[in-house]
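Letters A, B, C and D mark the chains in the order given here, with residues in each chain numbered from 1 onward.
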């Protein structure tokens, strides 16, 4: 039972950790399926995290915050599009630049607005995404009533109820959005005209062009979607998981998402599993530091590196070669 | 027949792009309520106005040259080595081991040994991703990212649990013995009457970096190996036709790349800190990506780009010293420079090309 | 007279400094097949791409059925009833045939209905024109011939009244080519207007009503096909007399150079491509391997050239060659005096972004002659390049151009020069003249024959029966990984070979 | 230190001390946030050459550069906070006895805990932080010998100081392991810890500065490290401050526990009295808190 409880809790934190990865990963998926590589996910998330928190702090409305976050991330997407689609620049450079830009601007603006050293004021009440408690799920209010901490109530509850309350219920709405995005993305990509064209433009833009469809239009659309999803990811970090923005709070998650994307070979469902895997590995590493294996204490650093080591092992062992969309990273140039 | 003269492509375009970046930066500075002219003035005098400033500018530039070259070499084989950071960390470990545990009679020999060790460690750290890419097709971008994290954890372990001197609270190795301290520019160029580069960390490894630039240039454009690396980078099928082994090139290119990244340690660890501290690389590995991309993967381009970033770093430090401008401003300026010179260069090129074509048409 | 279906007036187009089209005007009558010929880089593809809205013209106007129409993009072209089959197909490799056909012509936001509708109409089109393809196969699973059908179907699916084909037969077997032209005939009969770009005069003479000749970006002549001759066209095109037949003395085969025994080749997927063949090539003879593309010829060449492993035994001058592992790569082969003109010059034979002079060393870059101490002797290389460019009359004669800025013909000349000049014991040649203009074809053929006359062994793989006939001293036909039979050129004819290529066994033939 | 000026704890405390001095005296001071190892020495030299005096440095990482620089500027006074092992005549070295302060909050944690499990969350895994954790553990054990202490480090890269998300997850993990009081010594990451603790309805303990006000009624207390005082004093003394090694322990009011209106109703009578007793015991040596530094290991906690 106790192990079961632990398991549930680890899975629960897996979901929380996986959500920002998943959103960013799907964002990258749209962009790269359309042939625009994007290592600027990190920067977009960070920018969105800041603006969502900032606006939420000022207006006290998390929804306005979310919008602001999405908008700010869209601006960066537009920049990326301008550089890599309109001016056929190098997509990697543009991505790198966007990451720098975000990590600099966020703190700079935060400093001149809030004077709290690149931090927004802590959010409270309507400024944050409350966790959505399902009916009959054990949540804080039960804790209020019984006066026991949630954790105790949990361990008393029966397993089904626990899974329901701990795993399914009690996450921010954005978590559910993120996981709903997976089937939605799959459907859009493989069941709609837009999806067909999107995939085509990532494989062979000339084919799309000669079929009488605008390559530029499609790619900008894809980049825009990428912006929106990164925006949600950032807002989730700052206004749902946390109550405010702290500089560099994305802490490399954009790159992990990128890894997950390649890991998943640019496929929606696989992307979800990849992100859950990364989340799980991190959750485990966080949960079990310096394990004692019969006298031999595994140093905390080893546990800290574990997710990354396992990633490499799994990648080498099971995933094998990942072939990106053929036209990926290449600007579409007709005339030289 | 080109669309415009070469000088326009290599000089004019970057110049205009830089000016655009500068203008935007100025606007940003204005926006946060500071005076751009003063700021720029402060940066320029601080970074280039004195031998002291140069001492720091060149010190940073040295780091970026090594990591930039590392990324560039990999790029020629169409490999994206994001792992410069981790490889440089390991290089640092190599240097520390060599310098701490072997009594060296003279710095010159120590430097040679340190170079060897840092290259060895850096290359070793690049070897696994390289092998996995070549044999298992595991995407080098993921593996190198992961290896950065692993390197950080490993170094932390070494410093906190193994190499830290008893009683010191600072997770760093002991100072290296006098004998292995590298000559700084100060000691090299100062004369009795006037001391130059006073206190600046720029040191002899700057020349190692210059040397590395030449070696890489020769390697890539003058040797068989370089020819094969470039050929493979342009077309794998072509390489197979010509009997160039993709596996071999992938691994060799990454080893060279890792070795170059590792070499950085001779500058920041052996030359400056004279001990190994946590996070000694400070993101130079990532700056290296920008430097290589901006330098178009050409050693000379890398050299120039590295100087530019060195200038931004030192100029930024001066700003932080004498004004209340947050240090992040520099990051923003870097971003703008990368953006305009690297990604938006066509925005400048396209109109210029039209212009030059027009001129030529006129001439005919 | 009727209004022309297509009328181009004063079309000009420059790619940067390159003037691809200079003030070109033609008009094509409805319900006719119009041929366009011209050297590589003459501007044919460009002109047609402009008509299809792929490129924008700098000057000039386009009239369709007498009404001035401006065509800024392919969408407009499609709307104006124009369809085009590009020289390099514009298909999405990992999409199915159906998806490729539907792409851009879907109706409604959802795919399912469009696909089922397309599937139905495709059936009808297939019936009507005998253009059979499996709609559910992926493009990279079907041969080039099929891919071309898909391109044509794409155009027809969009109700094209005007059909442009850029070098359609370059990749087809004679049988496929004939069938293509039968289809074109039927289309013409229905009143559709067709423009065909080709390098093959025979096709022009046999199939077109009128023909235009392009040279250096200009339209040098437009004539009624009935009133002209291959020789005249060739002259108009190249600007000098060209011999359409290679004249060569009969071969004097010497000792066997290459002996292949029971060679088997498996591809990455583990599918057996070459199923145990025996073959001998003697000094001083050209052995031509005929066959429909994809019957194992390519794999045969690639094994011999060290590009992929195989099983069995191969002897060169009696010495066995390694077929896998160490000593079986391209470098080893070159060391053993085997030279190789690969089938795909752009993906294999050349590094498109290298300068011509760098490409001249490609594969031989480890040759001591190109080394000075540690380094490559680029000066020597460039000198060498000058010579080859001069001797093989590569145009433009500038070693500093990148390979991709030469036309296919000239790209091919660079490859052939590099390989033949090694003066190898055995020369492997794959599709030496695909997409190359007759001027260049003539030249390249001469070089190959010359090498033979020096007593070297040559193995030629080509899908062009004409080429096989005019070069080979002995012809082997491959089908499904087997050699169906060997023939001497003067003892056989296209019909018999055609049967063998179709897999009909000797007895039956 | 590299942590940044407003980490809501360590460096911010120094900043507050400085600004307090500036306000009271109307004099001005210069400050720099370092962004690079190489700048440590650079900043010292530049300020020294600019004639600033005294020059105050924050964090153990400044020790090494100081050792190199101080000698070159004999008539400049330096202050090194968190450093006590240099022998430089013109350096005032201030070592805080964080373990003593941590000991006290450890006691409070143990007393406040209903579940008999308390947590510790450190930032980057470095000795200093283990030093904190060690004192904390001893305090907790002192109150309840068989108390269960969950200790975690956020990470091994500098981002461990700025990863509130990880902080939250660690907090949740510790809560699920039963912890109902958690002590965060993790810079910016701590913000996440305190936040989540508040959200999950358990108690947290702040560090360095008084962080009680961040979540009134949810933060049990804060382990005060009076960096602000140290800085303030140093600045007040100005040119003529005494150099040498100074230990800022409980006795010197250098460390302590924060009691204010925000945590008033959380702190029971016996807590405050117990803390008071322990405090005096430590000061007059009846109780000694083992420092992690003594032999890089902790009697009460396994890292």
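What to note about this one:
The rule we apply is simple: contacts are C-beta pairs under 8 Å (C-beta built on N, C-alpha and C of every residue); 3 or more make two chains touch, one makes a residue touch a chain.
Source: prediction; values computed, not measured.
Seen from the Cα centre of chain A, the chain whose own Cα centre is farthest off is C. Between chain A and chain D the centroid-to-centroid distance comes to 33 Å (mean Cα coordinates, whole Å). The centroid of the Cα atoms in chain B and the matching centroid in chain D are 36 Å apart. Chain B and chain C have centres, each the mean of its CA atoms, that are 46 Å apart. Measuring from the averaged C-alpha position of chain C to that of chain D gives a distance of 76 Å.
Residue positions of chain B touching 2 or more other chains, listed in rising order: 149, 152-153, 156-157, 160, 326, 330.
For chain A, the set of residues touching two or more other chains reads 118, 247, 252, 301, 304-305.
Touching of two or more other chains is recorded for residues 16 of chain C. If you sketch which chains touch which, the pattern fits none of the simple shapes: not an open path, not a single ring, not a star, and not all-to-all. By the contact rule set out at the top, the touching chain pairs are A-B, A-C, A-D, B-C, B-D. The residues of chain B lying in touch with chain C in their complex are 1-3, 218, 222-224, 227-228, 230-231, 234-235, 237-238, 240-245, 353, 357, 360. Those residues of chain B whose C-beta lies close enough to touch chain D in the complex are 56, 59-60, 149, 152-153, 155-157, 160, 164, 166-172, 175, 198-199, 201, 268, 272-273, 275, 277-280, 282, 313, 316-317, 320-322, 326-327, 330.
Chain D contributes residues 30, 32-33, 35-39, 41-43, 45-47, 60-61, 63-64, 72, 82, 85, 124-128, 131, 156-158, 293, 295-296 to its touches with chain B in the complex. By the touch criterion given at the top, residues 4-8, 12, 114-115, 125, 152-153, 155-156, 159, 162-166, 168-170, 172-173, 175-176, 178, 180, 188, 191-192, 195, 199-202, 214, 302-303 of chain D touch chain A in their complex.
Residue ranges on chain A touching chain D, taken from their complex, read 5-6, 9, 12-13, 16-17, 20, 116-119, 122, 140, 143, 149-151, 237, 241-244, 246-249, 251-252, 282-283, 286-287, 289-290, 292, 297, 300-301, 304-305.
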